[in-house]
Each structure stands twice: as C-alpha cells, then as structure tokens.
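Supplied in structure tokens, the structure appears directly below.
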Amino acid sequence: METIISIKPLIAVLVSICAVPLLILSKRSNIRETWTFVAAGAKFLIIISMLPAILNGNQIVYTLAEVVPGAAIKFRVDPLGMLFALVASSLWILTSAYSIGYMRKLKEHSQTRYFCFFALALSATIGVAFAANLLTLYLFYEMLSLATYPLVTHHQDKEGRASGRKYLTYILGTSIGLLLPAMIISYNVAGTLEFANQGFLAGTCSKGLVTMLLVFFIFGFAKAAIMPFHGWLPAAMVAPTPVSALLHAVAVVKVGVFSIVRVLTGVFGIELLSTLDLGLVICVAASFTIIVASLIALTQDNLKRLLAFSTIGQLSYIVLGVGLLSPKGMTGGILHIAMHAFGKITLFFCAGAIFVATGKRNISEMVGIGKRMPLTMAAFFIASLSIIGLPPTGGFWSKWYLVLGSLEAHQIAVLVVLLTSSLLNAAYFMPVVYKAFFCTPEESMFEDKVQEAPAFCLVPLMITAFVTVMFFFYPQPFFRLATMVVKGITGG
Amino acid sequence: MVILTGALLIYAMGDFPSWADPASPAHNHVSPRYIEKSLEQTSVPNIVTAVLADYRGYDTMFETTVVFAAGVVCFFLLRIPRKDEPTVRRYRHTLTGMTIRVKETRQIPPVLEEFERIDTLWAPHDLIIKTCCRILVPFLQLFGLYVIAHGHHSPGGGFQGGVILGASMILLAISHDLRTAIGRMSERVHAILCPVGVFIYAGTGALCMVLGLNFLDYGALAGILHVDPVTARSHGILIVEIGVGLAVMATMIWIYNNISSKGKYDEGL
Amino acid sequence: MSQHYPALLVIVPLLSALLISIVGWLNKRFCFPIAVAALSVSLYSSVGLLLRVMDEKVILYFLGGWDPPWGIAYSVDHLSALVLVVVSVVALLNLIATQKSVEQEFSEKIGAFYTLYLLLITGLLGIVVTGDAFNLYVLLEITALTGYGLIAMGEDRAPLASLNYVYMGTIGACFYLLGIGYLYISTGSLNMTNISSILPGLYDSKVVLAAFIICIVGVFLKMAFFPLHAWLPNAYTYAPSAVSSLVAPLMTKVMIYVMIRLMLTVFTPAFTFSNLALSNSVVWLAVIAISMGAVLALGARDMKKMLCYVVIAEVGYMVGGAWLGNRAGMTGAILHIANDALMTLCVFLAVGNIVYKVRGYAFEDLKGMFRKMPYTMTGLVAGALSMIGVPPTCGFFSKWYLISGGIQAGQYGFVAALVFSSLINAVLFFRIIEIGYYEPFGADHGHGSSPVRMAEAPLTMVVPLLIVAGGLVMMGVYTGDIITHIIEPIIPPAIGN
Amino acid sequence: MPDLITSIVDYYNYLIYVILMMIGLYAMIAKKNLVKKIVGMNIFQTAIILFYVSIGAKKGATIPIIQHGHGEGAHEIVPSVIEAAEYINPLPHVLMLTAIVVAVATLGVALALAIKVYNRYETLEEDEILAQIRET
C-alpha cells in the first residue's frame, strides 16, 4: 500500500472541462461531437491507466491548493473512487453516442450548450469520485448541481422551469442548509476534513452530535434521493432522455449515494457507527425509501417516471448495504453502484429509443411494441432482470451480497425488505415486458413490422445490455475493487 | 433617542476634567510642545498657523480639498449649460429706471453704462447700495490680502482671507447682479483658480517630496529659497496660505454663483 | 521612490483630480486617460506597499517630517495594505469598465465627474492609510461629500435619496468626530498608536467608554449597519450605475475597515471585548441585520434595490464576524472585506452593463439576457455564485470562516443567520437567472431560433467584468495563502480562539 | 447641592454643547422640512465645535500668538523661554478650523441638493414629496 503522487487525477477531472471551449468554438456539429468523443475517450483512458496501480493496492494523490488550513483541494484515487469513476467515464462514451442520435433525431435546440454542460457534469462527477476530502467533494458536488441545471431544464418550457426550480430547491437547499453546516461543524470538532479509512470523527464528539451530523449528512446529500428528499428526481425526468439516463441513473444520483458511502466510511468510520449502533438509523431510512418508492413505482404509467421511482428504491439498496456495516453487505452495496448503473442506463436508453422511434411515453401505449422494436425490448428485459436481481445478470451478485450481508448482520427485517422489494421490482417491470411481447395482434398498437430507433441510439443500449449479462459471468474487476474497499475500511 | 444620546454624553461628562483646567491631559501631552517649540522650529509666532499649516499641514491640505470638492459638487449638481437664451431681452435705463424690451432678432443697442440687462421686471434697483458696495469692495479685498499675508503674526491666514476676498465678490453680486460679478470674474476663471489654489498647496508638498524630503516637509525648500530650513518653513507656510486663500475665494464665489442662480448664471438673486 | 509609496498613493490621485478639473475646461478627451494613469500609479504603489509590508511588518511615513504624535503619520500594516490593494483594484477596474456609460450619462460634465471620482478614491485610500484619528475624519468627509455629489446625479429620485444620505452621513461623521474629541480630552493625543499606548491606564474611565460607543455608532451609521441602514438602499439604487458600482463595493467595506481599525488598533482588543454585553448585543444586531437584509431583498422588485439589501446583509456578516471576538470570526470578517468588495463589484458591473444596453434594471428587463448578453450574464452568475457561497468562489471561504467563528463562539444565532441568508441569496439570484434564461421561449418547446439576438455590451465593459469574475475564483483558490501571509499577522494574539 | 452647582459651573460649556447638540439632532430627526433639517445639521456641527474649543480653554492663558517685536530681524529676538501655561491650547482651534470648513462645505452641498429636490418636486416638505412619489 504505497502512495503515488501523480497529476493524472487532475487531468482526468479537467479533460472534459478543457473540451468545453473546443465545443463552443467548433462550427459544425460533426466537429463538435468528435470533440465530445475525444474528450470522453481520453477521460476513460486516463482512468483505465490508473486502474492497475489501484488494483495493486496503491493509491494516487494529487494536491491542487491548500485553501483552508487542514482542507486542501486534493484528489485521491482509491478503489471506491476508481470503481465509481470507471462506471461514470465508460458510460459517458456510450451516452455521448446515444445523445447524438437522440438529439439529432428530435432536432433539439441549442445542442452546443447541451454538450458543454454535459462535459462539465462529467468533470464534476469524476471530481467527486476522486475527492480526497470533504471540501473537495462538496466543491464538485455543488458544481454538478449547477452544471446539470441547464440540462434538466433543457426544453426551457413551463414544465422545465417548474422542475428546474424543484431540482435546485431540493439540491441547493439541502447542500447549503444541511451539508455546509455539518461540514463546518465536523471541521471544527476534528480539525480536518481528510477522508480516513477509519473516519476522523471517532472520539472527537458526543453521540448526540454524531447522530445529528449523520442525519445532516444523509439527508444533506439530497442527490441520493432518500425520502423525504426524493421529490426532485421524478420531476427531473422532463429532461431529454440521455440526460435522465446518464445523470439521473448514473452521475447525479450515484454521486449522491457515493458521497454518502464516502462520508459514512471516511468521515464517521465503521467502528464509530457500529459502536454507537447508528447503522440502524441508516437502515431504517433506506428500507423505508426502498419499499415506498417501489410501491409508488407500481402506480406509474409514464415509463420514465416509473424508472425514476425504481431508481430511488435502488439507490437506497446501496445506502442500506453500507448501513448494514457488515463486510458482505458493504461489498453488495458498492457492487450495486456499478451493477445498477449499467442496468438502469440500459432501461433509460430503451425508454428514450422508444420515444425517438414512436413518440410514446406511457406504458399503456406500448402494448405490443416488442414486435416493433424487438432488440430494444430484449435489452429492456435483460436490464430489468438485472434490476430485479435475477441471474444471468450482474444485478444478481450485488443483490446476493446484500442478502448475505443482512444475514451476516442478523438483520432479518432488512432481509425481508430486500425480498419484498425484489418482488415489487418484478411486479412493476414484468408487465411492461409482458405487454410488449405477448399480446394478440388485435390489441397490439403497432403494425407488425420491425422498425428500430436509429443506430446511434440502438447500439449503445445493446452494448450496455450485453455488459450487464457479462457482469454475471465476469464480475471482475468491480468485484475485486469492492472487496478491496471493504478490506480497507474494515481494516480487515 | 435624542434624550438617550444626551444622557450618554452627560453621563460621560462625569469623568471630564473640569473646564479650562490647565492640568487636564489635553493640555499636557501634545500641545505644550507646539507652544514651546513652534517659534524656533518654524519661526512663526502664530502657533495656530504653525500647527495648521505645518505640523498638521496635511489635514489642512485635505481641508482645502474638501472646499474644492464642495465647489465641484455644486457645479456638478446644479450647473445648467446655457442653451435656451430667451428670445426677448430686457434692458433697464439705470437713471430713469425705464425698461426696454429688445427682440433677439433686432440689433441690440450698445450696452452703455446706464443700460443694464435684467431678466425679471421686479429686479431691484438701488443706486445708493450699488455705489456704496462698489466703493467698499476694493477695501474689502485689500483687507483680505492683508489677512492672508499677515497670518504668521496675527490671527488670520488663508481661510479667513480667502473668505473675505470671496465675500467681496459676492457682495458685488448681491448689490448689483450676478452678471456684473461674472463680468468681473468669469466662471471659467474661478473654476480654474479653485483647483489651482489647491494645486499650489499640494504641489508645494510634492515639490518637497521631489527635493528628497517627506511630503510637505517645507525644510526641503531651503535649497531653492536660499534660506535656512527654519525660515524656509515659514516661507513654505506663506506659499500654502496663498494657495488656500485662492482656493477658498474661488470656491466661495463658485458655490454662490451656482446656488443663487440655480446654475443658470443669470442675474441671480 | 519606494519609501514615498504611502504618500504617492494618495497624492497622485489628488493632484490628477485637480489637473482633470483644470483640463476639463480645455479639452474633455484628456480626463479619462489622466484618471486611468493616476489610479494605475496608486495601484502600483499599493501593491508595492503590500509586498514591503510582508517583510517589514509596519511602515511609517511622517508627513511634513514631524514625528508623531506632533505631526501626522501614515502607518501601513498588513490590514491597511490589503484594503489598499482592494480599493485601488476595484477603483481602477470600475473606472475602465464604466467609461462608456459615463460618457453616455454625463456628456458635458465629464471633467467634474472624473474629478469627483478621483477625489473619492483619494479619500478612501487616505482613510485606509492614515494613522491619525482626526485626519481620518477629514478624509471621511471628502469621501462623503464627493459621494453625495456623485450619487445625486442619478435618476430623478436620486437628489432626495442623496440628501437623506447627507443627513445620516453627517450625523455619523460628527459622532466620530465627537468620539475623537472625547479621546483627545482624556488622552491629549490624536495619533492612533499613541492613543492606544496611553489608554490602558484609562480603561475604566467613563469618557473612554463613551468615546468608544460614540465612534462605533458613528461608523455604523456610515456603513449602514442595521438599524441605521435606512439611507443606503435608495441612495445606491438611484445613483448612476457607474457610481453605484463604485460606492457599493467600497464605501461600506472601508467603513468596516475603520471599525476594525478602531477595535484592534485604537481601542485594543483587551478593551473592545472586555464588555461582553456590548459585543454580544452587536452580534445579535448583526444577526437581525443579516436576516432583515435577506428578507427585504426578497421583497425588492428590481435588481439594484435587491443588491443594495444584499449589501446590507453582507455588512451584517462582517460586523458580526468582527465582534465574535475570536480569530476565526475576525479572519472571516477581514477576508470578507476583500471578497465582498470583489463580488459586489462583479454583480454591480454586470447590472451596469445591462443598464447600459437596455436602459433599465427591473426584473422584466432581463428577459432573454442569456442570449442577448451572454458574457455579462456569465459575470453576473459568477458574482451570484460567490454571493451564495458556492466553492471555489471566494464567497464560500469567507463564509466558511465566519460560520466556524460563530460555532467556536457559540453564537448559533449568527450561524443560523448566515446559512439562512445564503439560502435566500440562492433564491434571489436564481430568480434572476431563471428570468434571463427562460423568458424568450414561450409555450412552443423552444425549438428553432429565438427572437432575441445577441447584443453584448462594448468590450471595455465586458473585459473588466470577466476579469473580476475570474478574480473571484482566483481569490477562492488562493484563500489559504492570503490568510497565512496577510491576515494571520493582522490579528493580535490577544484575540484567542 | 453646592457640589452640584460647582460641577455645573465646572462643566457649563459641556452642558451647553450637549444641549445644543440635542437641539440639532432633534431638528434633524423630527422636522419634516428639508431646509430645517439642514439648519439642525449646522447646529449639530456647531455644538461639536463648541465642545472642541472648550477643550482648548485654559485658565490664565492668552491667545496662542507668541509675543514678539515687529520689523527687521524680529524673528531673532525670541523670548528666552516660552511657558506653555501662558498660551491656550492651539490644537483644538486648528482642528476646529478644519471642522468649520467641512461644515461649510457640507452646508453648500446640502443646499445644492435641496435646490435640486425643489426643482423636481416644487416643495421642500418631506411628506408632500413622499406623497408625490407614491402617486407616480
């Protein structure tokens, strides 16, 4: 376990920011999109290039500037961050491809702005992934909130305006109102903000204060959409589908949960939480969210809203997994970051593809669509399997470890929650697939001829679907990273 | 609220040294040195002048600047550039007091001694006052100059003299009308004299700085004036007093002209 | 020449102000270049001072060659050097940025305008650099007088607002003068350091206490600290945009500087914080000031008014931070002087550009601004983020210190007020941004081209704005260095954690 | 009682200046007429001037102009020793010279502003002006 000083993390963060001027300056749309691809590819390669070092148990550190004594703008690449960065950057490539297809087909306005802020959002995401202390994390967290605002409100119509407001109110409100004070308080009691494997709050403050901070942090990261701060996520579904796909299935919400995981492990530390048995608080909040979100999802007819609520539920799996404070549970939770990402993005891609090809948004209008877009719906089916947590998909592993973790922690209630929610997941996904494929010709709403979305849309979702399956047979390297993380934080 | 403030002040008065008590700290820390040293350090018997223009000369410079600033502000706020000349001008024959109206288009009669331009019919006209004031003004100005020049030895100095000089012009403006006064000293003149006055002061200071000593250290002028530094200080004080006088006079007139005529520079009050 | 920096800094603007007022009668075209040159000189010398202060703690300059307490002495320490740099930077940038709008607004009185402008800066710089309590009063009056004049040239409600400002400002200045008189009667000296060396014997004297209270109240009046803020909103709102973008950043901040100078140098911390009831009540006033400012800003219907109330809230930040009585709070207050000056300048400049283009600053005038003036709006957003306190803009870090100071002092009301006001700021500014971002697009999904065409303000207005916007981020990133090298030495060890 | 009288006698200028100042402050706060406010402002400033000048007073001392001869070489004939007790304190007078000038300058600006306000609203009564503003 040695520490490498390298500027790579900074580059990885900055590369897409650097792309922004190029995007603005490029005259023709083709050039612009080429730049997007270049940036995405570069980012991915840089991050991959750091992977081996991490897998060998090293960590890469780079300090930009010491802004506040004890809290610098500093990057540290460790397994957890690596895992998240890998997911985000690899998915950016696919999403760029997808969004090109989507935006062009629908002739959206001001695409340059769209791609610019997309790039910014990605930088922020990687920044969060590699943040070495709470300050840096907060910095990029805020940057992400602001960068995604124009994306969420891309259409600039009444609806977009309303949801944009809601989005900012939730995200900024919580981050300024809860997160900032919590951060400053912990800085004042601990004198540092540096993430430590065992957390830095241990032994610095009373139980009451710790509990308060915990609550502040968990709800402060409203991007994790833990109830009651979940309202923005369904509202944000007015955004163009690629945005929803990347940001609201991967970047934004995952940044939320990722931050929570970071804080729980790096600020509080597992020992502290288990000695004060605060894990229960987390579990309760998470379980509640899981069940309620799944129930709400049952009632949705708009496909994207359904996916949104399912996301809310799935995010809490991750929090729950860490909240169990048991090695296996944490492994499951962390794995779920990756698994759910691929599964959910596939689903969003499908939803988008359906919209692009047929202009349909609601499930009730999709009867028999399987005949029309077999590939898309096949991908949809696989992805939903992964979300439910059935083999042969990656989702199975994460779910499996969560279950093991709940047993390990002797939390039968949690086990029940997990199983129920899986059933509920099945209950809201299967009808869609069923209706799509098995219906009599007369109740089908589409004439019986295959007509898929444009290739730019189709290929990415095929890839992600394939990857989901692949993860079942080959969960490396994510599995390895996850175990390393757990080994690190449990000191085992 | 007023009462509250007053209460605070009176409460604080409890610890004051009683009035005119020679033993009070105010008299025993800084001021004795002024009183005892000023003559030999600046060779100016009038201690107030010495302190004003030398020990605390910097304050005084900014004080002059304040006056100047006030002048500029009044000009800035009120002055209306004369665009709309009335098409009809009135002239009054001073001896008979009868007035004539002249169309702009017509050719204006040569404005002789006994014709004066007026804007309103009720413009006052009093020969006695005018004559007296016209006689008085030069004496006033002479006195003003004396006060400025003699500030070293007797009460007086730039401010007082400048005010007197300004007052003389203002008296002229009141007794006759503003136009006459402006005829004697046009706007441009006093508007430029005003900064020039301050400039003399600050420039002297800057000159001292150029000559290698600190700003406003008149001792530096010794080289130029061919006198010992102490006398140089007294000369320096004289120079700045003159500057102050100019500035104050010009500003007084400037402010009066602007305020009395609402910036129109017509006949004024 | 470098030993004359303290004098040059003040004298050069003064002399060139006089020069301008002469030249203004001959040829107007020379006024602007002269002003730029003068302010560049004072910027140069103030930076030079800052660098010199870094290694030789305190720089003294005896005017007229008389050593204090008999003569007037300039004393420059880290605090004043920092504020000097801030003042001259803001003044210069604003001068350049507003050239066009000045030409637009005062076509034939340009000479007078620049004269007053330079005199104002002279006064401000002098206030910061002087070490003599009475000299400070004179300079205070210069600043005030020129300020009244400049403000009154605004819209038709400006003269009235300015007149009220005259009343309030005069009371404030007179209170200060009176306080100095009380100090003089009890110490017999006017030089700040000299006074503070004499005072310790007199801490229990009622006169000194009264002097302290009177001075502070006077300064509060000048800086529009709640509940004495009534004059500020109208005065700054109806002032010409070129002026409000000068006075809003500088006036209040310099007054804060004076307050801190009084607290730390004249009356030593030992005296200042000895009376807990006093400092606590001031902190609570600050809490009220912040909340009131935020709420009133919500009620405002146009940008300038809104920003004015924000300024009032910011004053509350600094006063509260300074009176917390611990290092973190004081650090935050001093840091916020610099940061707040910059960000206020940023937003006011942006508003100025908008006024220059669309001749109005009501919220409706913002419709479609993002398409019309993208760069200006970028500047506005940067300023807004800093006001809200989003890292890495500098506003975040000063807020950081203020909040931690509040926590350490156990003043949770203050902390709550800070958080509250940043939330309100978020609402305020995103309301504006939203208007600018949406309005041109109607119900039709916004496809195709929008009616608004891009019409950006001239380059001389945009570039300084963007420089300031960049400066906000720079300040934020280098906060650490600023604090360790400049602010730490200022705070006397008497102020513990 | 006698000590009260003595204290009043000791402090009477200070008392008077406080009273003057209160008058001025009251005028500035309570009066509605803008010019009356300006007058109040002047009284206020004058009160402070009185205060300072009373600081300068010193029992048994004369004006701070050193006795000296006139004419040629007068400056050389410096009195052997100058007793500080013989002359009153010059500093307050100097300061007040400044303060007076400042007061005058402020007065000028205030009047100019008042004229501007009058040109705009045709009145100097604050409440009438506010009424006009409310109408528009």
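Each chain gets a letter, A, B, C and D, in the order it is written, and its residues are counted from 1.
Operating definition for what follows: a residue touches a chain if its C-beta (ideal position, glycine included) is under 8 Å from a C-beta of that chain, and two chains touch if they have at least 3 such contacts.
Everything numeric here is computed off the predicted structure, so don't read it as measured data.
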Separation of chain C from chain D in touching-chain steps, minimised, is 1
Per Cα centroids, the chain farthest from chain D:
A
A-C versus B-D: which has more C-beta pairs touching?
B-D
Per-chain Cα mean versus the mean over all protein Cα atoms: which chain has them closest together?
C
Can you work out the whole-Å distance between the CA centroids of chain A and chain B?
76
Can you work out the whole-Å distance between the CA centroids of chain B and chain D?
19
Give, as an integer number of Å, the spacing between the C-alpha centres of chain C and chain A.
44
Could you please state the distance in Å, as a whole number, between where the Cα atoms of chain A are centred and where those of chain D are centred?
72
Two or more other chains are touched by the chain B residues 9, 16, 24, 26-27, 30-31, 34, 56, 59, 63, 66, 69-70, 73, 77
Which residues does chain A have that touch at least 2 chains other than itself?
none
What are the residues of chain D that contact at least two other chains?
25, 55, 91-92, 95, 98, 102, 105-106, 109, 113, 116
Pairs of chains satisfying the touch condition:
A-C, B-C, B-D, C-D
Chain C to chain D touching residues, read off their complex
134, 138, 141, 145, 148-149, 152, 156-157, 159-160, 162-163, 166-167, 170-171, 174, 177-178, 181, 184-185, 190
In their complex, what parts of chain A are in touch with chain C?
64-69, 72-73, 107-109, 135, 138-139, 142-143, 146, 150, 153, 155-158, 161, 164-165, 168, 172-173, 176-177, 180-181, 184-185, 187-188
Which stretch or stretches of chain D touch chain C in the complex?
25, 28, 34, 37, 41, 44-45, 48, 51-52, 55, 91-92, 95, 98-99, 102, 105-106, 109-110, 113-114, 116-117, 120-121, 129, 133
Sites on chain D touched by chain B in the complex:
7, 10-15, 18-19, 21-22, 25-26, 29, 54-61, 63-68, 70, 75, 78, 82, 84-85, 87, 89-95, 97-98, 101-102, 104-106, 108-109, 111-113, 115-116, 119
Could you pull out which chain C residues touch chain A in their complex?
385, 388-392, 397, 400, 403-404, 407-408, 415, 419, 422-423, 426, 430, 434, 437-438, 441, 443-448, 476-481, 483-484
